[in-house]
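Input: structures, listed below.
Here chain A shows up in two complexes: once beside chain B, once beside chain C.
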Partner chain A sequence: MSLAVVYAVLFYVAAVIFLGGLAWKISSYARTPAPLKIPTTPAPTTRFGVVARMVREVTVFESLFKSNKWIWLFGWIFHFALVLVLLRHFRYFQEPVWFWVDLIQPFGKYAGFAMVAGLLGLWARRVVVDRVRYISSPSDHLMLALLVAIGGTGLLMKYVAHTDIVALKAYMLGLLRFSIQPLPADPVLLIHLALVATLMLIFPISKLLHAPGVFFSPTRNQIDNPREIRHAQGWTAQIRHDA
Partner chain B sequence: MFSLRALTLTMVLAGLATTAAGDVPRPEVKAYKGETCVEETGFMRRNHMELILHQRDETMHRGIRTTKHSLKECIECHADPQTRSVLGENGFCQSCHSYAAVSIDCFSCHTPKAREQSAAVEKRP
Partner chain C sequence: MAKTEFDTPELGEFQLTPKLHDGVMAHSQPYIAKPEFQEALGFPGELEDGWEDRAVTRLGELVDGSRALRVFLDSCVKCGACTDKCHYYLGTGDPLNMPVARQDLLRKVYRRYHTPAGKVLGKIGLAGLIGAAEMNKEVLDQWYSYFHQCSQCRRCSVFCPYGIDTAEISMAAREVMDSIGQGQKYCNEIIAKVYKIGNNLGLPEPALVDTLEGLEEDVKDETGVDVKFPVDVKGADVLLITPSADFFAEPHIDGLIGYAKVFHQAGISWTLSSYASEAANFGMFIGSLDNMQKVAERIRTAALELGVKRIVVGECGHAWRVAYSFWNTLAGPFDFLDPNYPAPQHIIEFTHDLIQRGALTLDPSANDEYRVTFHDSCNVARASRMGNRPGGQFVLPREVIKSSVNHFFDMAPETIHENTFCCGGGGGLLTDDLMELRVKGAQPRMQALKDVVEQNQVNYLAAICAICKSQFSKVLPYYGHPMDMIGSVHGLVSNAIQLGTKQ
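This part shows the complex of A and B:
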């Protein structure tokens, strides 16, 4: 089998497992009851307030900022840069390219460095800070290694060992149209793509599920109104009050 | 068994896909003059920008004027005979650059047009 077919199978399998796994996990989060009213106080007392707090939480990582400035700094730099880098990659999946994707290309380019810098900061913390090193599991290091390797190979292609990005885009557009096109056989590209497929495969069983998970966190998504409205879900809903 | 079934399904899909080579959008790449480029095609597709920038440094900073990797010579071969330009919708440079969403800096200073017919040049005193 040619390289193009091997990678096509890899990406189709990875896409099915990534999307299917994510849908499975999200539906299980949505079905899990939160028996107790436990918003982290001070918490908003209105639905609008909760939405606003959630928006702040996922855009500027408010609670992390309040708890640890160093983790916030590296974490926020990494996540913000990751968004730019992902948006920059849209160009490989659309023809014609949307004008704002075209517009952010140079920002995404430098965000690649910021992303890796943020990751290295977060990784240094797991090695240098004693109490964090003590609670770090192999998977914590694995996820950081994987993301650093993906960012590193991406930067290598951009700045050192270029690949044929026109052929690559034709390959990616081909995957979306179920038509397998030739894949440039540059080692750095093949490593980059294999690592991305690996990330997609393990995403639904990894700590990276904090991305959808944050929205289902009872301490973040509940309105602080226990006296106005009685909260009952799961086992608290089964308690009989007339007994 | 979920993943095994998915694997079989994608193998079948991949098999179908290879047989029916679809209509994948690609930029139009045409060279109008010359048999071969100054370097091998695969190398040029990956590294043409490095050559052009290196040539600029050699020429501008060190005063070494050679023609092998000069932008002017690129344009001479690759300009569309109709428009005399490497830009334009199907232009040699622009078709790929807009396909890959990469901006081209060259032509904010340099001309994207090939030289006039040589007769016009010879007419000059």
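This part shows the complex of A and C:
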């Protein structure tokens, strides 16, 4: 079996587990009832206010900012850079490429470094700060190792061991159309891709569930209006009073 | 278990984050509930063979029934932002008192039995890789220690990027322990008393009536005014639901006198209920929706029977959370009450409203001997609201205090409002068998208090929670303050209010 086929199978399996697992998890969050009103107050008293709170949490990590400036700084750099890197990667999956994907390419160039730097900062805290070391399991270190390795191999390709981007793009577009094209056999690329597939495989069964989870967190997404509107879900939906 | 020797933490120049001291609080466990009280609440009397499986199953049921629990157990990234936020960690240095570590005690069992990764890795002996672990006696022991070292104050939840609330996790763990027969004595006996007698103190109706008559005489002697303390008066406008400690604990009782004077001057008829003579709802502490609902139901029954138009809740923290956030869900709708008033209304909202409308005559100079600071009670601050605007729970009590005193000083901003530190005795821990924990857990609040005592000569710590008041009167002396430094906000109102018929 050729490498192209092995990687194709790997990616198809990874994609199914990633998308299926995520859909399963998200639907389980959506289906699980929140029997009581438990927003952490002071909380917004309107739907609009809750959306604004959530936007702040997701874009600028508001609560984290209140809590610890170092984690916030490293964490925010890592995530922001990750977004840029991922958007930049769109170009391997589209033909023609959307204009804004082209637009961010120059910024994206540095994002790879920022991403790795942020990760290393977080990792350093995990090793150096006794409290964070205490709460870390092997998987927490492995997760950082995985992301650093993905970033590292990506940067290697970009600056040192270039790969055949045109062929890679043809391969990726092929996968989207269920047709297997030749895959450049550069070791760095193969490692990059294998690690990315690993990331997709573990995503729905690991702490990376924080990404969908944050949107479902009742302490952040509930409106503070329990006196005005009677809340009832799940267990509490069975309570009946006919006054 | 109880009565071990311990040192009161030392206060320094500022709040320090301690180094880790592994296991220093492992011995701190409350007494286990006797079978009769377990059974009164619908739980098995004691641990029986096969409890491990039942614990795992019950945990699964709880996760299925609570989005919060499911999301919280999955989402923590171990970022560490919460690790220095819990007063019990700050006061003891025990790493298992870091909120995330406390959660992990439950999360490791959840991961092992209720996630795909844990099921697979657990089978091949690699559970430790992802921080998963088997349910066994050692784990149960840790649960019993450390889930009774969480006052469910929600401070960690403010600082977590996903709002993970360790209080929810502690409640779930306590419910699991109850459901396998290992409940906590203090909470479960109290709930059993509420069912039997109507309040936490086990104060029966005749004794309650007696106490209140005594209070009427005291107030009459002191002010010359006939301030009433009515019980079970049908057709009164307001039903007052207050923590039973208000009936005779110090300094709570001054608060009750304050409420009565406010009602008197406002000319609003009110009543207590001997059937529902308790605001506190310990069902929340043990994480039992079932018991919380049953306790809350008593309020509805009393309000309907007495035919009142409004419900006002006295000074209490966790109770106000249950009243504000949960009553409507558990015992509502309250559509039989007057829709012009919030149901329920906090006594601070009630008094504040009267002050705004000029209905009370307050002379702050009556409190000139006091230099006052205010302790935001954790559950009022982070689990409820007062007034119409977010954050009203910080503004209204301070405005009521400032209308009643001339000298008010806030503690450091990182220790008040949503950042407030728990008194150290909340969430079902206000029992003598946890004295060491209570003293150590009060350390961050005592540190902040020390600063205003030194800088502003503060000599009165005002609070609006029955637990805070009892806890502080017990622990203040450990830190070199007189126990009567703690007082009710309505104790200050009571001093300031001019009933006008004395001379």
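Going forward, the second predicted complex is superposed on the first by the 238 of 243 C-alpha atoms of A that agree within 3 Å, B and C clash if a C-alpha of one lies under 4 Å from a C-alpha of the other, contacts with A are read in each partner's own complex, and residues count from 1 in each chain.
Heads up, the rule we're going with is that contacts are C-beta pairs under 8 Å (C-beta built on N, C-alpha and C of every residue); 3 or more make two chains touch, one makes a residue touch a chain.
Everything numeric in this text was worked out from a predicted model, so none of it was measured.
Chemist: Of the two partner chains, chain B (first) and chain C (second), which one does A:213 touch, if any: first, second, both, or neither?
Modeler: Once the two structures are laid over each other on A, A:213 reaches chain C alone.
Chemist: Just chain B (first), just chain C (second), both, or neither: which does A:178 touch?
Modeler: A:178 sits against chain B, while chain C stays out of touch.
Chemist: Looking at A:236, would you say it contacts chain B, chain C, both, or neither? Reply first, second, both or neither.
Modeler: Touch status of A:236: second partner only.
Chemist: Looking at A:205 after the superposition, I want to know if it touches chain B, chain C, both of them or none. Which is it: first, second, both, neither?
Modeler: After superposition on chain A, A:205 lies in contact with chain C alone.
Chemist: Between chain B (first) and chain C (second), which does A:163 come into contact with in this model arrangement: first, second, both, or neither?
Modeler: Once the two structures are laid over each other on A, A:163 reaches chain B alone.
Chemist: If we overlay the two complexes on their shared chain A, which of chain B and chain C does A:57 touch? Say first, second, both or neither.
Modeler: It touches chain C, and chain B stays clear.
Chemist: Which partner, chain B or chain C, touches the larger number of chain A residues?
Modeler: C
Chemist: Using the touch definition from the top, say if A:105 reaches chain B (first), chain C (second), both or neither.
Modeler: Only chain B; A:105 stays clear of chain C.
Chemist: Once chain A of both complexes is superposed, is A:131 in touch with chain B (first), chain C (second), both, or neither?
Modeler: second
Chemist: Please give the residue numbers of chain C that touch chain A in the complex, ascending.
Modeler: 17, 19-20, 63-68, 70-72, 74-85, 95, 98, 100-101, 104, 115-117, 128-131, 154, 157-165, 168, 289, 293, 300, 304, 324-326, 328-333, 335-336, 342-344, 381-385, 388-391, 393-394, 418
Chemist: Report the residues of chain A in contact with chain B in the complex, numbered from low to high.
Modeler: 5, 8-9, 12-13, 16-17, 20, 91, 95-97, 101-102, 105-106, 162-167, 169-170, 173-174, 177-181, 186
Chemist: Provide the residue numbers of chain B that touch chain A in the complex, in ascending order.
Modeler: Answer in residue numbers: 2-3, 6-7, 9-11, 13-14, 16-18, 20-27, 42, 45-47, 50, 96, 98-103.
Chemist: Looking at the complex, which residues from chain A come into contact with chain C?
Modeler: 25, 28-29, 32-38, 40-45, 49, 57, 61, 63-64, 66-68, 71, 75, 122, 125-126, 129-132, 134-140, 202, 205-207, 209-210, 213-214, 216-220, 224, 226-227, 230-232, 234-236, 239, 241, 243
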